[in-house]
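Below is a structure I'd like to ask you about.
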């Protein structure tokens, strides 16, 4: 790591900090082995970070170290190896709790991904607390993972799904919120930041109004938690789902935050070993939080890797990451908006480094294939948001999404390859 | 690997094979980095393989290689990195299918562990196909993971749980099966091999009778698939759940096998990205098998590691593994049965290398702590089988469980440390 | 340059000016398919000349990338007037070619469609190229079944 | 030898010959606890001398390992006759000691119970040693609450 005199504590301070120790962003890239890979003869320019991020050596090493020196099942072992694994795995929960400013490890359930975290709430909270005729409010910009679980629940329990609309500028139409919230709205589940439009939603206001209406609120933090400081207690959300693998952690890692009083009253979701207290043939009681919701042998290495990822992010500081990504986004936007044949979706300002775009007469898939030949990895498709695509009147968009290890040079290569693509198809 | 002239194909042939190329079991140990670790000044003697196994270097390297050279999300990427990841991940499904002789990758769903695989069936099959008053038949030796999910289901849908009893010798009382199966028995879920008693259950006969009664059968293969050749089509089971991490694969890996016609008619379990075909705000349709059941970003590295583990097992050959473990088990049994103060649970013959035992007047926990000081890792507890413990009239047992990389020397160290323990507490 | 192997003039031309676009009244085969991952969609209508067992007319409407749309356009040109038997063979050959598994003699039979040979270097795009071919295939199979 | 730090004579003696085993008629506190992972169980009865605010009698029944059972047996010997206030202090000290966090002066107050000092070298066994102490603690807290 190439950070001059930063410590793990001096992070998340709010507005711009003076005397900010300089971070050598370029040097950080050396922490990510894959970034030195050549792709079709070009340096790899990885701009699909909204799908999953690359992993720094410290995370890969944490997994390797676990498997090579203290691999054992947790909680149930009476030997040192198991004790060491248990400690590291629990510690990762603690780090995750601190990272999003949750009260403690009781609030943090590790899942495979963000999708499983949302499903956990839909199954456990949804099936136990919602009744025929209740409404669930989503938004029109949800990822399938924050839409389809509610459709299944709605069908099973005869619930009604409402949708907070989006404005032409790609922001949510907050003015509609009071009309959509009623005493029958029992749950609001919205994304904190859009994986298509880059919009950052006014979740604080949504939570306030939803709570006034008596609804609980789940935030889909897949595109927020990795990119800027998030404080679940300050936001006062009831649940927050996010993916570890979108914030440097291994695949197979994700988390659900929940308020303790809600998690306590929810029935278990997955059942089996490690989540029980007392079992007879006919009936069982449950273990303490968060273990009540982690059935079977957990993804131990992945959890430990998640902890290592969070340590790494903390060393840089989420405020710094956010500022750097803002800079990259502005730099890319400036160049993209110069081309009249390029259309950018989503808001102009107050947005993350997720840029969906279209080029006249060139299909997004063709753009992606073209760029790939120049070593530039972007995504083309519906980004798991088909209903939003329909609203945008497209079947697909191209999407570049940044993380802090991206550089101005990455963006130059991206823009350059894009220009070649435009010229090729226009010829 | 230290195998003289074996190829990947010459495996699983049934009875003892002549001209069997010699496997240098001792040399294989070098493939497992953790086995050269010292524990409290002694060589690590890892005998908790029923909980999770150690990982060979090839598996650790497969994960490392993925993260360092082709980490990307799968299925949705239009660039080479993603294509490479997709191929490797799908290939792992294919290897898993072949390993248990399933028809194809449609039949193989990757899960976090065996527990999730069983829950998938309980939620998706159970909730859609079972009706008030239906019976589910389990056995008295089930792991909590094959008991508690059915309790939750039974409570929700008003089903009745029946239990095939065990005989004093630790085998299932097959004579009771006809009396327990009736036209109302819709599902039978039993363990293929017990994680406490080591018993190998007569699942072929259970499946035959269950099918005659019109029930579908799930086998819990957590303790069978890693240890001997399993052919799901030959057994004719309808579902088979097992853990990757108990057969050299990373934590976070497990699988469910299902017959295609059953999987087709089952509704999705987890919902979200990657498992859909068409999504509108109110309704969705599903992707092909197996992807319909794998929602969100999967545990990609873990799946790829699972594939590498299977390659490794195939190189040794499951028949050879089984024979070697039988030898180890007999070697250990011979010594343990010589001590009058040691009680061994479970059948004498036809058993796996899982040995649960008690020593007069020494609590299992004390045995485990003692052994740990000599570098010997065993388990003490209820082994996630509290109801079985009650039948055995104990609160806990000590359990040693072997895998093919264990050696006679491991067993000598185990026996030696156990003898010291006996003497210490008897003094 | 490898990109030119994929994006041949002919392909770009068919992408920009697709042939046989539209629908057929009372088609013998109508098929709608969609690739859920890229969103490509194709509507395909076929009219069969039963007497001669050949494809009388074939039209498509679609939305998608250059490869999928050009493939559809060129397919309609190739298959119109072909016997069902020939069509079946050509479909198999095309699918082999884009995976790099066809012989030169086989490829020969595809005429202009050999422009898609370069797809084999782009495995992610094979699905785009074959979408319409699989659709025709399953449409013709249904006819086959119905007649049995 | 480190194992002897854990399994001291005194501990083994209490394990084999537990003191104050049994139940109390009409106890002021009755608690049943179980450690779900090792299966250890303890039933604890306490009778309080309200006037003097002290523990009049304390008995247990249990099933478990040497550490948990000896800890229970020795706890009953230590706490009988102690004031609620003293009991509270001793509980805190014991819990600190088995984590290696107590001062020598504090440990002094535990008398024979210092035999459990060695547990701090065996983190997995700390729960065994403290099970009964946590149980008494929560039992006394309930009394406290009830009187408020």
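By letter and in written order, the chains are A, B, C and D; residue numbering begins at 1 in each of them.
Just so it is clear, a residue touches a chain if its C-beta (ideal position, glycine included) is under 8 Å from a C-beta of that chain, and two chains touch if they have at least 3 such contacts.
The model shown is predicted, which means the values in this text are computed figures rather than measured ones.
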item	value
Partner chains shared by chain A and chain D (touch criterion as defined above)	B
Most remote chain, CA-based centroid, reference being chain A	D
Leader among chain pairs (count of C-beta contacts)	A-B
For chain B paired with chain D, centre-to-centre distance based on mean C-alpha positions, whole Å	39
Separation of chain C from chain D, taking each centre as the mean of its C-alpha atoms, in whole Å	80
Intercentroid distance (Cα basis), chain B paired with chain A, Å	32
Centre-of-Cα separation between chain C and chain B, whole angstrom	46
For chain C, residues contacting two or more additional chains	37-38, 124
Overlap residues in chain B, where contacts from two or more other chains coincide	76-80, 82, 276, 278, 365, 369, 380-381, 386
Chain A partner contacts - residues on chain C that touch it in the complex	2-3, 6-7, 12, 16, 37-41, 63-67, 122, 124-125, 128
Chain A to chain B touching residues, read off their complex	33-34, 37, 39-40, 44, 46, 48, 51-52, 54-55, 59-60, 63-64, 67-73, 76-82, 112-116, 118-119, 122-123, 140, 143-149, 151-152, 161, 163, 243, 245, 250-252, 254, 267-268, 270-276, 278-284, 295-302, 365, 368-369, 371-372, 376-381, 383-384, 386-387, 390
Residue numbers on chain C that touch chain B, as the complex places them	34, 36-38, 123-124
Touching residues (chain side chain B, partner chain C) in the complex	75-80, 82-83, 87, 276-278, 287
Residues on chain B engaged by chain D in the complex (per definition of touch)	361, 363-366, 369-370, 373, 380-382, 386, 389, 395-396, 424-425
